[in-house]
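Quick one: the structure is below, questions incoming.
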Amino acid sequence: MCGIFGIYSNERINVAKRIYYGLFALQHRGQEGAGIATSDGRGFHHYKGIGLVSEVFTNNELQSLYGHIGIGHVRYSTTGDSTIENCQPFVVKSSFGPIAIAHNGDIVNSTILKRELEKMGHIFISSTDSEVIAQLLVRELLKTEDIIEAIKNTAKKLIGAYSLLIMFNDKLIAVRDPNGFKPLCIGRDENCIYFASENCALDTVNAEFVRDIKPGEIVIVDNGEINCYKIEKPCEEVNTELNLPVNNYIYNNCVSTCMFEYVYFARPDSIIDGISVYEVRRKIGRILAKEHPCDADLVSPVPDSGITFALGYSEELEIPYYEGLIKNRYVGRTFILPTQEERDLAVRLKLNPVKSILKDKKVVLVDDSIVRGTTSRRIVNMLKKAGAKEVHLRIGSPRIISPCFYGIDMATKEELIASYKTDEEICKYVNADSLGYLSIEGLVKAIGRKDLCLACVSGYYPTDVSCKF
Amino acid sequence: MCGIFGIYSNERINVAKRIYYGLFALQHRGQEGAGIATSDGRGFHHYKGIGLVSEVFTNNELQSLYGHIGIGHVRYSTTGDSTIENCQPFVVKSSFGPIAIAHNGDIVNSTILKRELEKMGHIFISSTDSEVIAQLLVRELLKTEDIIEAIKNTAKKLIGAYSLLIMFNDKLIAVRDPNGFKPLCIGRDENCIYFASENCALDTVNAEFVRDIKPGEIVIVDNGEINCYKIEKPCEEVNTELNLPVNNYIYNNCVSTCMFEYVYFARPDSIIDGISVYEVRRKIGRILAKEHPCDADLVSPVPDSGITFALGYSEELEIPYYEGLIKNRYVGRTFILPTQEERDLAVRLKLNPVKSILKDKKVVLVDDSIVRGTTSRRIVNMLKKAGAKEVHLRIGSPRIISPCFYGIDMATKEELIASYKTDEEICKYVNADSLGYLSIEGLVKAIGRKDLCLACVSGYYPTDVSCKF
Amino acid sequence: MCGIFGIYSNERINVAKRIYYGLFALQHRGQEGAGIATSDGRGFHHYKGIGLVSEVFTNNELQSLYGHIGIGHVRYSTTGDSTIENCQPFVVKSSFGPIAIAHNGDIVNSTILKRELEKMGHIFISSTDSEVIAQLLVRELLKTEDIIEAIKNTAKKLIGAYSLLIMFNDKLIAVRDPNGFKPLCIGRDENCIYFASENCALDTVNAEFVRDIKPGEIVIVDNGEINCYKIEKPCEEVNTELNLPVNNYIYNNCVSTCMFEYVYFARPDSIIDGISVYEVRRKIGRILAKEHPCDADLVSPVPDSGITFALGYSEELEIPYYEGLIKNRYVGRTFILPTQEERDLAVRLKLNPVKSILKDKKVVLVDDSIVRGTTSRRIVNMLKKAGAKEVHLRIGSPRIISPCFYGIDMATKEELIASYKTDEEICKYVNADSLGYLSIEGLVKAIGRKDLCLACVSGYYPTDVSCKF
Amino acid sequence: MCGIFGIYSNERINVAKRIYYGLFALQHRGQEGAGIATSDGRGFHHYKGIGLVSEVFTNNELQSLYGHIGIGHVRYSTTGDSTIENCQPFVVKSSFGPIAIAHNGDIVNSTILKRELEKMGHIFISSTDSEVIAQLLVRELLKTEDIIEAIKNTAKKLIGAYSLLIMFNDKLIAVRDPNGFKPLCIGRDENCIYFASENCALDTVNAEFVRDIKPGEIVIVDNGEINCYKIEKPCEEVNTELNLPVNNYIYNNCVSTCMFEYVYFARPDSIIDGISVYEVRRKIGRILAKEHPCDADLVSPVPDSGITFALGYSEELEIPYYEGLIKNRYVGRTFILPTQEERDLAVRLKLNPVKSILKDKKVVLVDDSIVRGTTSRRIVNMLKKAGAKEVHLRIGSPRIISPCFYGIDMATKEELIASYKTDEEICKYVNADSLGYLSIEGLVKAIGRKDLCLACVSGYYPTDVSCKF
């Protein structure tokens, strides 16, 4: 995931504190680290650290981040490598002055690109894609002084997901990859231009939503003016080293926005590419109810992600909605985790059943997805121990059967329970009385657009991913 | 509020880590500070600090807290004095060995008691009631070696709310005041006896709920045995210095459990004095719907406290329930707050409306209470700005008209909007299209018991509070 | 040890920052913890913590310590109990308003006094003498409103060492015990009165030294005026529980200032009771040379404490002075100590011999004292390993044979090597070629006054200490 | 300055803790930051931070630094840019695997090299020379697989001072520049090879000193074997952009070790290129006495750097040596500095005169150098205020007239008082009664070698520095 946020102020006011609030609104997109880089027109200032936005920054740091242009980043660790080097924005000095990059997404061919750059004598400090992009961009800038041309040429080399904010001394540039995997939108107020992963961040700083950046679009703010460009041809070079059969379902580099943004990642108050995330989730619940109805006493979500699905499910079938599980709001990063033997305690610390609701009831339990199945199993057992007579598990997304290479850390294929067990087997494993997944068709219908990345639930990838196998 | 948790292990295992998890489950009762004191039979170990349980304790501290008896405390700051001296448990050395006290509640006559003790040469380090109780208890112990007798004699002096855990070198004692203001319950597993403010904490450590401690009951665990005693006569000495008219509605020292525990404080998965908190909240929603129906398009809560009321309201009137406001889960203690001029930002950081839900809709907005009215006003305006056609405010508790002297920081009488404005005026002030409060009768009916403290909504106090005026 | 520093400003300026600098100059007297309490005339502000002055305080804390009267303390841990409760100043609320106490010294009969107070119902939070003194003082204040009378009466109960600073809302009081064990002096500038353990702290804040406070003197600053009083009769009640033979050498409660202040504790730029610490140390070196001359190639100190002695020794015998051991200046509190097996490493981290100086040389090594003998042994061996032909150990103080009960943590009698070994045996144990201690007579002569506490080197205590055996 | 330390263990034990102790012994060479990188043969682990070695590392970090090869660095900030990016070792990933570099010294032409690399598309994260060296080295490695060849080719490009430790997955390499500006030595024990800036660090970890690395020497430890190589031809390309007259005094790229290592930087217990630092300093004192004798009552140093000079001076003229100024040992990094108006306080916090020594005396005050003159002025005035009748200032190094480009932050030429004032004027400015500098000839004689860098005291640089003007 990751979240990015940028501001260009025409009035030359300091923007760091506003970026702080913007990142705070995007905190759900990454809790591993946070960073802000600003430009005062003559030089850069930057600060980053491990932890939540509120943990990384104090007033002291914000006050030292002078400048009227700035970008920020909240990091979601896909690789587990949560060192400070891997936090973003990534700031470098080049012959074109300092450059800062904040990136949301995963570049599929980054290892290949890195190896090529290394062969040309480049070195790498971090294990981020941002550094790869920075090195490529600077090389392209050496060939052409035209920044837009350089970005286009860089994009030609990249396969995968990238919503980018790029800051130069006096410019702010936003880029969304041609597939449009990850969201990115533009906002404004009287004096500033904003870019944000989700429009909920614009609401927080009271900026007006202008529009989503289009897949393959480059938006540049320079000297107070906004100009838009198009990445003409997405990457087509086949970067295979091995000669595996290429997926060809929708491997056409069409727009293919990540469906999980709607299902799970984005905040429900966001609107992505014109579609309300909350509406999608509610509809998913209804369609799920139609696809897998159940004659139960009550519908209960696994909080928080199952709530809106469960409400839709309840509404469709007119089964009462109850909060059968209470979530402890204080589970945090620094918490002393129970030891391995205390796995059940780990779940109990987070969730507690409301016995008076569940006692002797047939319960529809709604969750957003099943990955390994172990957590679902613990929760179902928790409900049964609390007195539930039956537990019918309903899942607001299709079976996850393939790994994501575009920015979501989903476990390897071998770990994905739906990749090697039938629904019946999974149902038995998680100890549920019945199990129903949303269909792919149902998902597409709920979202209301077809240009989606469904790789993880279909196994068909919208880009060449042969280098990953 | 505050939360307390204690363990006595017959098997002499270290209990600190389990107290940590118990406090974690009670974190909603206080986020200002946390502490744990343990006894290994020969001496005490203790540690406390400012912040959340997870911020105060690291593995290092927990490991140094040896001992098979222990008590813990999470602090809710009623006075704003969040110094480490005021964190609990309060640990002292006396001629009866070390004593640790953890206290939930407010002693009405503590200032008078303190002044009396000071006149006898006692000094005070903290501004906690625990220190007053400790000094009184030690004085009583000097008169009688019988601990139970000493506790009874101490209780005779105290007016107000006190759920207490008291630890001696080899004993653990739980006390609930004769009014039973604050909850306190007993749990057990194979080897340990537990005491907790709420039974949800017992669930977390997998202990079995035994029963609530009765108002006026003393429970002592000594040498592995449990014995129960009764505080015979609650305090009757009138501690007035001024001669104000005494409230006499239910000023009879009857049991009078805080109704706000059901409405707001306790976790919904807790059962207090045999009554499910969740059930109460749902019923409140229904009764509120009957008392103040509304022909609206949708019902939406102010998250999180309004959710269960709103579900009940929606259910009763069959108006669809929608989450019209999204809460940011990451607002925390260390957050850099917006300046005074940015008050609206403060609300926007916490709550964001879902425009696609609210647009052109008649909305019933359900909240738990109105104190000053300023927050309600901001939220109603936020909904209207997001497109809501009408906003009908429904409140899951009666008008708050009098301050609480038993442990809730509610602002002074002058600040309580319902103490000086009519419903109509309030409705206008908060910019709602209609306003409905739950009636006192409705509240009592929803909770299903009459022995409640209703001081803040009725102005009639269950104990003498003349010294407060 | 411990160091104390206080200011009373007539001009009502904030004094906290100046106290900070004063404590900084006294940092050598205690590195375990530091604290400052101030009074703005209406209330107290205080802050304390574990660590060096520079670690405990940031600008934030200093700025919040409003007030024109203030006292500070640096803590030297005699008991090893370095908890924040034991840091000072000790601040209490009493019927006489808030009181803060900072104490340098050890009260011999504090356990007895504590037990008596506990029997009267008093409780204790800390294990400091300050708390005992505070409780006694408040009890005396109840008997007489006259503060001076109350202090005198309190003093009558105390046996032992106490240089005290006591702060009331509008008064600052300094007390030095009748024996005058620990130094305490008065300073001033245009607007302020100062009290400090050593006059070097007055130099730092550019205050003028006025005079030493006399043994048994009380100095009170109230309403801008200074008044002095005398503690008439020192404690004479014999607090024995056991009936041991009382020491009677100079057990007469005469003035008996700690000789180790001159030998080791005080900074060399201080002048205590009119005698320059530096001059004393230089003279000790000369007298030591006369008492234990040596035909060596060079004189080298164990840095830092042996330096001035070694210079005096070198001067007297006209043997060249060389720095044969280099001290690492960065050994600090947070350093990761070598494990038990790496004891030699611990010494090597701190001290390193200069081989080119020592090679094939007869070396006189001068140190301030020998306690257990283990460190001396390691250093002598280090010199020999570095090539020294002979190492002649000279000690700038007499044999330590008895524990100190007045504030110095010297190990128990059993651990003091000089209490159970002859000089010859010690010399052999530390692997030196000869060993010479300063005589008691030599010490008295070097200091130039006879009213000294020589308990640790003579076994004769200037006060009743029977309760310690 | 900066200090570097490296270990290669044949026995595959973890070396991080030993590097920690080695860095601790080199702490005097840099207090701004510290870092350690280790290799376990398969990958690197590294950690670095701002502050002292003891502040940066806890046991946790040391334990996570697995590996039998490792290098460490203590940073002295020449540029004031104390960000974590500028701390070392600098660790990069390249097509030759990970590489870590620790650097002591300053590369004169680094800006030019950086600009060239940038023109080839390279980007920079830090402002360290280490990054420039890393980039150059990787480019050379692409041309030849031979590491030694690549290092030689890299060296050909570098003008200036560099003692380097370079770590590959399975190799440890030490390099000293052809001029031999900065020290670097080899040590060993039964199982390990060590490299250290100074041999005092070898003493600390109980390793045996083997020999100094020669100027222009490359030492590589690979597969347990040590091999040595020679950088054949030092850099001769003239990197001038401007056409300034080139200095030609000893601009011959001969060996030219920094004389200030002997005078000030190195620890006195170190031996650099076979010459004892302590002996040099003592001799300087004697020669200074011969060059600038004085009929004074006593000799006193400015502690700590003036001490050994003062002892030599005292010895030569048989004037008694006294410690007339006492230094506060606790001035540290986190200290709250006095404001601009309190400059005198800043000096008083650090130094305090011993009045009893100075009163009415003619004093020779010995310091190591005069840079701007302001500190000397404050100290002389402090002595006079303390009663000194006359103050004769003697300086243990020649006049500093030119800036250093090899690693010492000495202020610009305009700030160097000796570059624009005569001795007489300086004497007057600092308020001394006489002033004497060590002559360049005296310095060379005291050190006992002629191959020294005397650039700062002569204005003649041993390398081309035209790009600096």
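Note that the chains take the letters A, B, C and D in the order they are written out, and that residue 1 is the start of every chain.
By definition in this document, a residue touches a chain if its C-beta (ideal position, glycine included) is under 8 Å from a C-beta of that chain, and two chains touch if they have at least 3 such contacts.
The structure displayed is predicted, hence computed values, not measured ones.
Asker: If you take the chains that touch chain B and keep only those that also touch chain C, what is left?
Answerer: Expected: no chain.
Asker: Sort the other chains by how far their Cα centres are from that of chain C and give me the top one.
Answerer: Between chain C and the rest, the longest centre separation is with A.
Asker: How many angstrom lie between the centres of chain A and chain B, each centre taken as the mean Cα position?
Answerer: 38
Asker: So the centre of each chain is just the mean of its C-alpha atoms; given that, what is the distance between chain A and chain D in Å?
Answerer: Taking the average C-alpha coordinate of chain A and of chain D, the gap between them is 49 Å.
Asker: Roughly how many whole angstrom separate the Cα centroids of chain B and chain D?
Answerer: It comes to 62 Å between the two C-alpha centres.
Asker: Give me the residue numbers in chain A that touch at least two other chains, ranges are fine.
Answerer: In chain A, nothing touches at least two other chains.
Asker: Could you list, by residue number, the parts of chain B that touch chain A in their complex?
Answerer: 17, 20-21, 24-25, 27-28, 31, 52-55, 57-59, 62, 200, 203-206, 267-269, 271, 276, 278-279, 282, 304, 307-308, 311, 315, 320-323, 326, 328-330, 332, 334-336, 338, 344-345, 348-349, 352-357
Asker: Once bound in the complex, which stretches of chain B touch chain C?
Answerer: So the residues of chain B touching chain C come out as 84, 91-95, 99, 115, 118-125, 127, 134-135, 138-139, 142.
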